[in-house]
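In what follows, chain A forms one complex with chain B and a second complex with chain C.
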Partner chain A sequence: MDIIIYGVINSATLALMALGFTLVYGVSRLPNFAHGALYVLTGYIAWLLKNRLGLSYPLAMLLSLVATGLIGAAMYQFVLVRVRGMPISEIIASYAIGLAILEGLRWGGLKGATFTLPPFVEGGTELFGVSVDFQRLVVVGIGVLLVAALWLFVNSTRLGLALKGMAQDERAAMTLGIDSDRMAVVAMVLGSVLAGIAALVLLPLGNIVVEAGYYVLIMAVAVCIVGGLGSWTGAILAAFLIGFAQILTVVYLGTHFQVVVALAAIIVTLILRPSGIFGRQKELEERV
Partner chain B sequence: MADKAQDRRKERVDRGIKVRTDGVYAISSIAEISYLLVPRLVLIVGLLALPLILYKLPYWQKVLSIICIYSLLAIGFDFLANFVGLVSLGGGFYIGVGAYAAALLNTKLGLPPILTIPIASFAGAAICTLLFWPCLPLRGVYFAIVSLMFPLLAARVIEALDIFGGTDGILGVDGLPSGWVEQYVLIASVLVIVFGLRRLISEDVGLVFQGVKDNDQAVRASGINITRYKALGVFIASALGCLAGGCLTHIYMWAGISQFALDFSIIPIAATVVGGGGTLIGPVIGCLILVPISELLRDFGTLRIAVYALILCAFIVFKSEGIMPYATRKYQQFERWVTI
Partner chain C sequence: MNRRLKTLQAVVFAAAILAVSFCPALAVEPITIGAPLSTAFLYGWDAERAIKLAADEINAEGGVKVGDVKRPFKVEVIDTRDLEPGVPVSEALLAVEKLILEKKTDFIIGGPVRSEAALAAMPLLSKNKKVSILSTGALTPKYHAMVAENPDKFKYCFRISGEAKWMVTGEVVPCLEEIGKKFNLDRLFIMVQDVAHARAGGELLAKIMDGKGWKVLGAPVVYPTGATDFSMGLLDAKKQNAQVIIIWMDMPETAILLKQWHDMKVPALPFGTIIAAAEQPGFWKATEGKGEYCLANVVNAGNAPCNATPWTMKFVNAYEKKYGIEPEGYGTSSSYMAVYVLKDAIERAGSTDPDKVVEALKKTDLMGVYGRIRFDPKTNQVIASQDPAEGAVGTIFQWQAGKRVVVFPPKIATGEIKLPPWMEKK
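For the complex of A and B:
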């Protein structure tokens, strides 16, 4: 039973980490390798606002999300837009920004156990005989809510439909008067905010550490590749696949192998089915 | 200023001497010969003289060795990215494999460095190529992502299985006989490899490599197995990385997980971008600039990673061609404004 419950929680965690990455990639074909850095940065900003400026926690969270969104937009507007369409430069540039943020934070003193965010709800409960923190249940709840909200947003608002159009066929979308660069900025902002939300929900479970940035990036990339880059259903399914695989390895092999599972999943997927579980045929041509 | 820019543009014309030296007339006079030789000699003599110049500064001699190690990696990256079309973000993997191979050969079999380094280069390269083989059909971004995972995966596996000394690494590796040997071996290999690879890419094999990069389907249609050529490319690049790793482990007299670290993956890429990709010499120049900067910043801990990440970012955005192609252009062409 605890395998099922913790498997679901772990899967929701992975899905939260990957949502922003897959959104940005899906809309503008931009692999945002600074995703993990934005995740840690949001947590750190929230911590600063709460502990240094003494703002109330909800306000601090809100402001940190706004800040992350702005940073994402700035990143696109000043750096990434200049290397659009050159996949390797996109990766190197965004990875470089991510590294600069993460290592800059580490240099600025982000290490040790002093940096923690309080959970939304203290305490825990028993679920089918397994003890679970409330915060972990919040993770699952927010994961489900976010996916639902995004689905509604993409399918029923003008902006969301424009994003969807961009994701499906950029040229056709442009002929219909959708501004490619503006949509990419919107996607970047949304993606960054999603990374931020993931951070605010997940970081209370541990400390804010720089390593989390690399971990989140790896997991997001793993989930997106296994699921098929840019595919929502695929990403969520892959999150469950990797999530359960991880819990099973932890139970039967040991915690050290947790990351190995994700990496092995990427390699196996790329070799067996390069377009991912739900990738489209067209992507297959690009990849292999 | 804006309207001025509209009715004129910059025209670039080859210098006369450049055109003359393209063909056999290059040997017609001292001027032509030196036009071709001076830049090359500056690099060769400069690199060979550096250990002597730094004679009084042992610390900077050490830095020079590190520069050469990063240069080897960066040349491998440049070769693989710009001539074979595989962007490998996992330079740390080659270093790590080479380092562990050399350390094991030295401590377990008792071989001296003169044997361990070459064996580690070739055996390590063979191991890397075998491990990368399944991923070779992948292209562009996807190969980049997978190769980024390899060093992380290797470090985790060593940690988890507690093999090869686990987190402690392998201690008690022999050092090289002296600092001079260390530096001249490294400098000589950098020079030989730079000029050797430049020769290689204009041979038949090199043309196929570039074909694989530009249009692999066309190469396939010509009945050439592209995976085999990609494997050969990976073998060459990883041999360079393993050579660097083997030397590194003998310099530090130690092999450990930190040799799979991020530094070895990011500095070579930064150096290639700064120095100019596709030139093979650019990466060496990039390393000559970036590694000393990173050493000067050593006191600031991880700030140095942030600094060269920013340098990398600035170059990729504002000067994406890099130093070497820029210098080559200035050396070979003159520019003038023409009105249109």
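For the complex of A and C:
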């Protein structure tokens, strides 16, 4: 039972880490390699607002999400728009921004174990005889809520439908009057906010450390490659595949192999099915 | 008027030149200490601060007496990055090489911090005849074993901080036995980091405790450096009814482990033989008090407040005055003492010649921050003891109500070990 419960928790964790990255790539074909940095930055801003300015925790969280969204928009408007359509330059530019944010935070004093965010709910409970703390249940709950909210947003709002149109066929969407750059900014803001939400939900389980930025990026990339770049359904399925594989590895092989699982999943996917589980568009391109 | 002013300027200039030429304090060449440290991590920055504190104190007293001249210490710190995940040992070696060849340092104090890097640096130190006093991080017994195996080659390598074998047999095992007797506990679960000293230490501890009649619950669970989720290991410990969890990890993420332990209410006493995060005064705040009852070994006395020797609190207070925080990690008091021991050796040798300083270091015998400091003549390892009057004494403390209370060894203890309430109910 512990494998099932912690498998679900781990999968929800990975899905939360990857949702923002998938959204941005799905809509604008922009691989945002600053995703992990935005994750850490949100946590740090929330920490600063709460501990240095003495704001209430909910307000600090809200403001940190607003700040991250604005930073995401600025990243696109001032840097990424100039290299749009050049995949290698997009990767280099976004990774450079991420690196500057993370190492800037380290240089500014974000090191050690003293930067933490409080959990939403203290304490824990037993589920089918397995100990689980409430914050992990919050992770699963918010993961499910976010996926549902995103589905509703994409399928039943004008903005969401425009984003969906862009993801399906950018040129066709443009002929219908959808502004490609505007949608890319919207996707970038949403992606950054999703990275921020993941941070606010997941960081109370640990500490705000620079290394988390690199870890989250690796996990997000692994989930997206396995699921198929740009596919939300694929990302969620891949999160469950990798999440359960990690837990099974921990139980049957050893904890130190846990990180290897995600990297092995990338390699296996690239060898057997380079387009990922749900990467239909790329699959078609590969066939042609 | 203008001519007078020019004359005055010339006189002042000449006086300044004369002052610089004849004032020995200004003219003498400093003795440079190279400190290769992983400065972004606890065992790096604590050592850096301690080395600088000692050097400042010594310089304020006039410096080191070399023959008839008093020379100040100058500290050159370089970041070895060897505690960072994924950074190869070669990075640390390059840093040490840079200190020796480029910075022309006279002595090495501090690291490299990671055991693997410290071992790899030994031939480099010997090749360049650089006297090194290892004072933080590296705990591997192989370090002094290598000195014993090749005394001529590695005679320049000393270690003034504790090492894993003594830590286990002389401190952790006796402390565990005391806990076992006091609370009737005998089921041990071991969690270690995937690094040489932790793996070796965990296995050694398992073997010893098994021999002492404790039930060791499986092989040590190994976590990669930088791991942030310990829930499955803790769940396993809970399922197996562990009563004490040994944690041997030098990464800051151990604060997360303790938070998870508290949230899951695992009925087992966490005992950090090495537990980087819990050593720090900021740990209480970092875990919002969830790290209470965690035991932590800080290798040598003086890294948490106690009265091991008259110098202990003097050092703790001086450190707190300078840096606004109590000594944090296990490399603090030893790095501080390394500078004083080097000063003592240079003064007795009357020279900075490496061979003469080595001979003087071997004859070191002074009462320091953590007891009597002497080096084993065969291994150049500081002689350890549970009694500060006899040797370098260790420290195990427990977090109690926001304070680091020293609980072992009995000669320096300031309080008693307590169990978390959810263990007492059981």
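FYI, the second predicted complex is superposed on the first by the 281 of 288 C-alpha atoms of A that agree within 3 Å, B and C clash if a C-alpha of one lies under 4 Å from a C-alpha of the other, contacts with A are read in each partner's own complex, and residues count from 1 in each chain.
The rule we apply is simple: a residue touches a chain if its C-beta (ideal position, glycine included) is under 8 Å from a C-beta of that chain, and two chains touch if they have at least 3 such contacts.
Because the structure is a prediction, the values reported are computed rather than measured.
Contacts of A:Ser180 after superposition on the shared chain: neither chain B nor chain C is touched. In the superposed pair of complexes, A:Arg106 makes contact with chain B and with chain C alike.
Of the two partner chains placed by the overlay, only chain B lies in contact with A:Leu270; chain C stays clear of it. Of the two partner chains, chain C is the only one touched by A:Glu211; chain B is not. In the superposition on chain A, A:Ile92 contacts chain B only, with no contact to chain C. In the superposed pair of complexes, A:Pro31 makes contact with chain B only, with no contact to chain C. Within the superposed three-chain model, A:Gly254 lies in touch with chain B and with chain C [touch as defined at top]. Shared contact residues of chain A, touching chain B in one structure and chain C in the other: 106, 254, 256, 259. Residues 2, 6, 10, 106, 111-116, 118-119, 122-124, 130-133, 135-136, 205-207, 209, 211-212, 215, 247, 250-251, 254-256, 258-259 of chain A touch chain C in their complex.
Against chain A, the residues of chain C that register as touching in their complex are 40-42, 85, 194, 221-224, 226-229, 231-233, 235, 238-239, 252-256, 259-260, 263-266, 276-277, 280, 282-283, 285-288.
The touching residues of chain A, counted against chain B in their complex, run 31, 79, 82-83, 87-89, 91-93, 95-97, 99-101, 103-104, 106-107, 218, 221, 225, 254, 256-257, 259-260, 263-264, 266-267, 270-271, 274, 286-288. Residues 81, 87, 89, 134-135, 137-142, 144-146, 149, 152-153, 156-157, 159-160, 262, 266, 269-270, 273, 300-303, 305-306, 309-310, 312-313, 316-317, 320 of chain B are the ones touching chain A in the complex.
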